[in-house]
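You will see two complexes here that share chain A, one where it goes with chain B and one where it goes with chain C.
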Partner chain A sequence: MNTVKNSLKDISRYPSAIAGVIIIFLLVLLSIYAVISIPYDKAITMWRGGEEFWKANPKFAPPAWSNLFTSKKLPESFHVDTADGTMSKVVTSTGDDTSNVTISYSFNFEADDYPQDLIIYFTTTFEQKQPFASVSLFTPTGQEIRVADTGVAQQQTLRFSQESRMVNRYSNVPVMTGMFSDPKDPPHAPLKGTYKLVITGTTFEKDSTFDAEFVFLGQVYGLAGTDMSRRDLMIPLLWGAPVALGFGLLASLGTLILTMIIAAIGAWYGGWVDSLIQRITEINLVLPFLPILIMVGTFFSRSIWIIMGTAVLLNIFTGQIKSYRAIFMQVRESMYIEAARAYGASDLRIIFRYLVPRMIPLLLPGLVSAVPSFVFLEATLAVLGLGDPVLPTWGKVIDDAYTNGALYKGYYYWILEPAVLLMITGLGFSMLGFALDRIFNPKLREM
Partner chain B sequence: MADKPLLHVEDLVLYFRTAHGDVKAVDHVDFSLDYNKAVVILGESGCGKSSLSKAILRLLPRNVQAYSGRVFLEGKDVMALDEEEFRLKVRWIGMSMVPQAAMNALNPVIRVGEQVAEPALIHLGVKREEAYQLVQKMFQLVGVPADFISRYPFELSGGMRQRVAIAMALVTSPNLIILDEPTSALDVLTQANIFNVLKRIKQELGTSFILITHDIATSSELADEVAVMYAGQMVELNAAKDFFREPLHPYSQKLMASVPRLKVEKEPDFIVGRPPSLVDLPSGCRFAERCPFRFDRCKEDPPMMEKNGHKVRCWLYA
Partner chain C sequence: MATEVQTISAPVKKNGTSTVARVFRYTAVRAITLFITVVIAIYMTILIANMGGYVDQMMRGQVTEQINMAMAANPAYKSMSPDTRKQLAQQQIDLEIERLGLNKPLAVRTANYLINAITLNLGRAQNMVSDTGSKNVKNILLERMPWTLLLLGISELLLFFVSLFLALSLSRQYGSFWDKLVIALTPTSSAPAWFYGIFLILIFAAWIRILPFGGLVSAPPPKTTLLYALSLLQHMILPALSLFLSGLFLNIYSWRTFFLIYSSEDYVDMAKAKGLTGGDIEKRYILRPTLPTIITTFALTLIGVWGGAIVTETIFQWPGLGNMLYKAIGLYDTPVIVGDTIIYAYLLAITVFVLDFVYVLVDPRVKLGEGV
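The block that comes next holds the complex of A and B.
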């Protein structure tokens, strides 16, 4: 217990270590939050859900807070629904079977740019006679724009930008530009103020219901923005944390422990065992690491576990095994090892109880420092198109951004968000690792 | 029990392979040791004393060139056992060892109590608590305070570490303990203390000792027999009381003369020259070059000869 306390005291002397510990702690919290708030199954469903699932989100939308840094404020997205009561619905009976449904919703539009689209999703029930709906938008100046008058099927989508009446009306400008600007003030600028959407529906059957969901597709969305399939980037950013930490920690732990044990076995038994390990290492040292992983990913499996296993296997027999072996060779000759041999400790007991524990102080900093390289490896593979096809990860987001030309089209948030998270992760582990290295290897301490 | 000695070593050979040639560290050594006796093995540095102890306990380095002969422990030929059997049946059960530089013989990352319990856990198959009870008993016997059990080796003084090493050798209560320079690097008072501990163990537990040392004066307190080694050979095997009064071999005489005496006004003597290289041994008597009594016959290899029931390898007694 004392040693743990002392180590903590040592760590607290290095500000970088404290910063590293805080970063790692926050990442762990983030991971726990991600796993609890979005359970694995739900995350996968959301991540792999198509446009239909994410219909309420705009495409390629930067996060909402990006407005804070620009003078031109982009419109935020929102959606309201009569089914869940966020949009009010008034039903008045006008006869035996017919009734009128009036849905109205007012919203403030204060942005300096136009929304991507306005969409209404109708959900109705009827036996034979279709309900009828007419949709109007009242601008702040009081002008009424009649968007559509249409019969409504059970599931019907009304996209303002593709409505033929609108396309004809604003023939020389995009529909949204025409709708949200003052026509008397060319060149068009967005007209700010309170807009009012009014949907008047008529049903012709007794049990007919009439519901509508109004989606305002702005140009910014949520805390993280969206990608090409309207997915909320919050999901991969949140879930990327446990995946990255898990991958990094497991891979570096597996690599280092196996390296250490194999080096200890080689150094202890010597002879052909040692030679075999050393020759395997030398062969592995000249084999290219990434191409082998790419080959495995291309021809065999892209599952994160297979890739991790391969990465660990390839990383065991590296230069590390040589330096560990050198240290073990030295420890092997110490008196207490001979004493242990003398009192009849078996080979395995000597390896695991006498040799390996001597390496722990060297192992710990290496373990912590090795985490980022594995986190980056996972991202690298994802960027190369070899990411796990199921899991949402930071590397996957960068890959999507890259294949959709995010930098070319100016969607910087799409690359920067996962990249910054990756960098912070790397930074946290590196800062702690360097400090641990100094604590456990006092020779590295500055004078 | 009485007719068979505790340890009987016959024609024991241990050669090492080096870049310069074979080192004849243990060259055809014979001796016996009875129950509850202590034999002191004397000799200069590099004459094969430690190698002899390692050869008996079969703790061989990697560069062994030759290892042969017979070692009988309690009448049983232990050389015939294979490595695993030897490890399980002989080490620490039949005989144990306090290694040279015992102060460094403790694993720095294990608490001393745990370390001393190790042999018991390995060999006696006892539970941890029982092993710790044994450890406590042994600590009491060798004079280590009981609360040292949970300390790490670096928290102990040299003398205490030495005692811990001895406790470790005792914990499985073997009949024979090999002590390889147990008191080197300790101050004189601590040396005396350690020897008192050893004497007590010998009396209370009836243990036999093979004591390897340079320290003739201190070891005389414990010794029943004295064996003198020179250049890989045993040159004299004598009862302690006779040896300290009248050593037989010229080398032993010189060795004894080098010990300063309290009551005699006499400069301690020294031996001219150095022991021969164990790689390139001279033919004939190996001590001849430095021997004041050298004569023609010394060109021949002297066999072990009997003199008054003691053994000596010198033509003077032919």
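The block that comes next holds the complex of A and C.
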């Protein structure tokens, strides 16, 4: 108990260690939050969901808070639906099974740039006679832009920017620019104020229903922004934390424990077992580490577990095994080992009950310091296109961003968000590991 | 491997054997051990590059599909009867499979790879082609080698000497502001070079726009040699800087700690008491005993250059060996993968072998093949 207390006291003397502990604690909190708020299955479905799932999000949209740092405010995205009551719908029966549906929605537009698109998704039910709808947008000056008059199928999508009437009307500028500009002014800045969307529909059957979802695709979205397939980056950013922590800690723990056990076995038995371990270490020195992982990823499986297993295997027989062996060689000669031998303990019992536990305190700095390298290894493989095909991770976001030219096109948020998280994780663990190393190796302490 | 001088030594009779015999015996045993190590490592690489025959199945499928597609798309074959066409396709498939050596059993093929690799008969690539159109693995490697040597050579050597020099001066003023700063910055080395690369691209290429995003030279390539060299230099700044930065603080820190341990030895205190100057103490009492370690690290740094930097080269589209290896793996090109690995293995083995003799030259306490 006292040693634990002393260690804690020692740790508190290093500001970097405290910072590291705080970072790791926050990461653990973030992971718990991620796993609880978006369960695994849901996260995977959302991450792998296509255009259909994410239709309400703009593409390549920076996070909404980026507006705080720019003078040019970008429009925020939103979507409203008559089905869940966020957009009002008035149905008036006009007899003879026909009824009129009026849907209207007013929104304030105060941004300095144009939206990506406006889309209406109609959902109707009918037996034979299609409902009819006309869509208009009233600008702040009171001008009515008649977007479309159309019969509506059961599922129909109306994209304002692709509507032929709109394309013809604004022949020399993009539709969105034309729509959101003052017609008297040349289109250089959007017209601010309250816009009103009005959909008037007519149904021609008794049980026919008429619903519409209005999607305003702005240029910023949510807390994390979106990627090329409109996915909310919040999912990989949140889920990247448990994946990174899990991968880093498991791989680091696995490597260390296996290394220690093998070193203990070598030191205890000596002879050919020991020299075999030495030879394997030498062979492993020649084997190229990253290329082998790339080969396994390319030829065999990109599953994160297979990659982790390979990385652990290749990491066991390194220089570390020699330093552990040297310590075990000393411990071997201690009195308590001799006592154990005297009472007739078996070899395995000595290795696992007396040799390995002796080393566990020494394990801690190595364990913590090895985590960043594994966290970055996952990201490295993801950047090479060998990330786990299913899991949303930080490395995969960087890969997506990089392959979609985020740096060329100026979508800096896309790379910076996962990169900063990776960097914080790496720094947290290596700051703590570094301090622990100085605490547990008194030789380094004064230096 | 390099510090194993004592453990691998052959048994030596204390009396009667001459120094020459001892050295000769040690040399022979060491050379054979190293050679066996290389052979086993290379065979393992070959097996991994084949995934125990798994890759062969993939390649066979690929060949069949490619030839069938080519036949179906070629109007010249349209008039033939389906049977003749099938026969013709089968013939071509068999021919291609024979060319790739896929008709031989796995054991024979891997053994062939091994013998060819060990004798440095690098052979021909299966799918990869060098920029000049050659399929010789040697040409493919030689084409990429200068660029990797240039990039990695400059950045790694710079890293080595700069960190050594800074560490030496820090160890002199230990506890100072700069010393503390380096210690505080050491955790930044946990990020790999490509990670720094992305930030450097973001700052210098995308944001300030003073350096290129990547590539070897600007397009079209400059005509004169001088302009070409300047353009090359301009493209090299960011990748070299990211390799340099990612290792800098950790290297300085470890060298500094290493020097500090040696400067707390009693003989250094003794030298100080004698009134020797700082420079003298450093040269004679600190640098000299640490020389074997410095040389080992330097030699291993030099070999590390051969491997290239896979991800950094890929991020910067630098046409080096690391980038080539990544592409070769993507094309299932075992001869190129093995060719790249065998050269690395040989370089490593030779260096380790030579280092043993270098230790004797720089450190009079070390004797070849003599147990301590």
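The working rule: the second predicted complex is superposed on the first by the 443 of 447 C-alpha atoms of A that agree within 3 Å, B and C clash if a C-alpha of one lies under 4 Å from a C-alpha of the other, contacts with A are read in each partner's own complex, and residues count from 1 in each chain.
Keep this in mind: contacts are C-beta pairs under 8 Å (C-beta built on N, C-alpha and C of every residue); 3 or more make two chains touch, one makes a residue touch a chain.
Treat the numbers as computed from the prediction; the structure is a model and nothing was measured.
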Inset, instruction - State whether chain B and chain C clash or fit side by side on chain A once the two structures are superposed. - result: fit
Inset, instruction - Examine A:404 and indicate which partner it touches, taking first as chain B and second as chain C; both and neither are also allowed. - result: neither
Inset, instruction - Quick one: classify A:340 as touching chain B (first), chain C (second), both or neither. - result: first
Legend entry - Partner chain in contact with A:430 - chain B first, chain C second, else both or neither: second
Legend entry - First, second, both or neither for A:98, with chain B first and chain C second: neither
Inset, instruction - Could you say whether A:134 touches chain B, chain C, both of them, or neither, answering first, second, both or neither? - result: neither
Inset, instruction - Consider the C-alpha centres of chain B and chain C from the C-alpha centre of chain A, and write down the angle between them to the nearest 10 degrees. - result: 60
Inset, instruction - Determine, for the superposed model, which of the two partners chain B and chain C contacts more residues of chain A. - result: C
Inset, instruction - Please indicate which partner A:270 is in contact with in the superposed arrangement: first for chain B, second for chain C, both, or neither. - result: first
Legend entry - Touching partner for A:358 - first (chain B), second (chain C), both, neither: first
Legend entry - Touched partner set for A:303, first chain B, second chain C, both or neither: neither
Inset, instruction - Minimum C-alpha distance between chain B and chain C after superposition, to be given in whole Å. - result: 6
Inset, instruction - Return the residues of chain A at which the contacts from chain B and from chain C coincide. - result: none
Inset, instruction - Using the touch rule from the top, collect the residues of chain B that touch chain A in their complex. - result: 57, 59, 62, 87-88, 91-93, 96-97, 99-102, 104-110, 118-119, 122-123, 165, 168-169
Inset, instruction - Would you tell me which residues of chain A are touching chain B in their complex? - result: 270, 334-336, 338-346, 349, 353-354, 357-358, 360
Legend entry - Partner chain C, residues of chain A touching it in the complex: 16, 278-279, 281-288, 290-292, 294-296, 298-300, 372-373, 376, 379-380, 383-384, 398, 402, 407-408, 410, 412, 415-416, 419, 422-423, 426-427, 429-431, 434, 443-444, 447
Inset, instruction - Write out the stretch or stretches of chain C touching chain A in their complex. - result: 1, 4, 7, 37-38, 40-42, 44-45, 48-49, 51, 54-55, 58, 174, 184, 186-192, 194-195, 198-199, 201-202, 205-207, 213, 257, 260-261, 307, 310-311, 314-315, 325-326, 329-330, 332, 337, 340-341, 344-345, 348-349
